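Each of the next two complexes has chain A plus one more chain, namely chain B in the first and chain C in the second.
== the complex of A and B ==
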């Protein structure tokens, strides 16, 4: 499973090509609304990029959609073997 | 001198026979990598596997099984590294008046023609979204527009595919992905076996081109719509019927 830095790299790459490269990214940053303001297609695109890079992604693997950057990081931390 | 066209990875559902096989062969002849699936293999598939060991692969997959469809697309993306083109061709055409259709017959045509197409498209579009590039063609039918006696459920599913085409074109267009339909007329393939010779003769007589279509007629239209030079064409239904519905 990816490290937090690897995950953040993919998120940053996505934001750059979504013309949101200036956005501040911390674990507390929200993905929608007042945060990164992702619409549904952008969320799907981020989901696809994460799956393409790591083979799985938190948007299509869990029961609840991630709400923050921290939720994405936590998904891979939980998924990693102990 | 024109530079050689870039080799693309092409998925064709239902490519073991009939129109799907014609589309598979057209992409192989154009030099592309072709991955196809259907519920069972055919002699043609075995021949193509021998002729194009590096550029052609077949998988026995029932795409109306969501998990199987998803696994097939992911396997192709992993092995080939990308998916450039998706041709949603797989379909079934149960014949008969709807008053005599049982639940299983209705489920079968909806599950394969609509839900199977959605399952494969969902998985392939994710691969395309990650690269912001791709072309999707749904193979619909003129009967989706005109209807045909005894093919009401098939007609309904093909009309649904044209609706899916328009919706997906709007959904994915901003990410460099085109989505179009090709609506064939009456072809001399397995899919037209429900029509008797009298019906086929009548269709031929009413067709300005004066003949039934061949898979190659439709394959050329599909190649045109997925040509990287034609990214300004999306959300359209290209009718290939010899002028029958003009």
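== the complex of A and C ==
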């Protein structure tokens, strides 16, 4: 499973591609609304990028969509072998 | 003020005029062989019927684009029209059109979701196919209601979302959605019922909210025919990939219309 830095790198690459490269990205940053303001298509694109990179992604693997950058990081931390 | 819609329209304006016709919007097709210019005029007529614009009425045209509609409204009904758009070049082109035609229409660069106009200063607010490019749909509607005088009418027609699209479906069809975004800009479609309920919450009385998806379906074939007819010129205005993307976008939209994902709605409401 990826490290937090690897995951943040993919998120940053996605934001640059989505013309949101100036956005502040911390674990507390929300993905929608007042945070990164992702719409459903942008979330789908981020989901696909994460899956392409890491083989799985928190948007299509869990019961609930991640709400923050921290939720994405936590998904991979939990998925990582002990 | 959002500049994304302005940048989008500036970039492809001339090409779209060739493809979509002078009226620059969808058509209302009485039959499959209705010419596009007849169909676009028919859609405008559907709006006019609902708007009930009379001589001297103050009309606000939100997302006025090229200004053609505003000028027609002023010329045909004797109304005094203000067209607003986020595009500076749109304002310049529309102002020149109004000057040339000698009609009572003027144009200002304003955002429909925060228009800055005085309360109760318009008799009709007109939004023809502009709302899908405004993310703050609540802002558009509340601002429209705010500037309407008592008894004033709000009329809107636009692309609408006809069902919930689950995340995994968005993801699986993301390439189709990306094609639409590339061709038509950062569009966000809402259900027609959502417009109606928001207007009711704002104190408006909704007179009519009609799904006209079937009547607008012929638009896509008509646009593709115009692409074929003007291909040489279009390839001078746009790169080949953009032209191909546009054609692909019409096919994606046509499929969405046919499977009930997207469609077209028209709505009228009055301020008590």
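Everything below uses one rule, namely that the second predicted complex is superposed on the first by the 82 of 82 C-alpha atoms of A that agree within 3 Å, B and C clash if a C-alpha of one lies under 4 Å from a C-alpha of the other, contacts with A are read in each partner's own complex, and residues count from 1 in each chain.
The criterion applied here is as follows: a residue touches a chain if its C-beta (ideal position, glycine included) is under 8 Å from a C-beta of that chain, and two chains touch if they have at least 3 such contacts.
Just so it is clear, the model here is predicted, and its values are computed rather than measured.
Visitor: Scan A:52 for contacts with chain B and chain C and give back first, second, both or neither.
Guide: first
Visitor: Identify the partner contact of A:17: answer first if only chain B is touched, second if only chain C is, both if each is, neither if none is.
Guide: A:17: touches chain B, not chain C.
Visitor: Quick check for you: in the superposed arrangement, does A:41 touch first (chain B), second (chain C), both or neither?
Guide: After superposing on A, A:41 lies in contact with both chain B and chain C.
Visitor: Regarding the shared-chain residue A:77, is it in contact with chain B (first), chain C (second), both, or neither?
Guide: neither
Visitor: If I apply the document's touch criterion, which positions on chain A are contacted by chain B in one structure and by chain C in the other?
Guide: On chain A, the overlap between the chain B and chain C contacts is residues 41, 44-45, 47-48.
Visitor: Over in the complex, which chain C residues touch chain A? Could you list them?
Guide: Per the stated touch rule, the residues are 165, 167-168, 170-171, 174, 177-178, 181, 188.
Visitor: Taking the complex as given, what residues does chain B use to touch chain A?
Guide: Going through chain B, the ones touching chain A are 77, 126-127, 129-130, 132, 171, 174-175.
Visitor: Can you list the chain A residues touching chain C in their complex?
Guide: 39-41, 43-45, 47-48, 59-60, 65
Visitor: If we count contacts the way the header does, which residues on chain A are in touch with chain B in the complex?
Guide: Within the complex, chain A touches chain B at residues 17, 41, 44-45, 47-49, 51-52.
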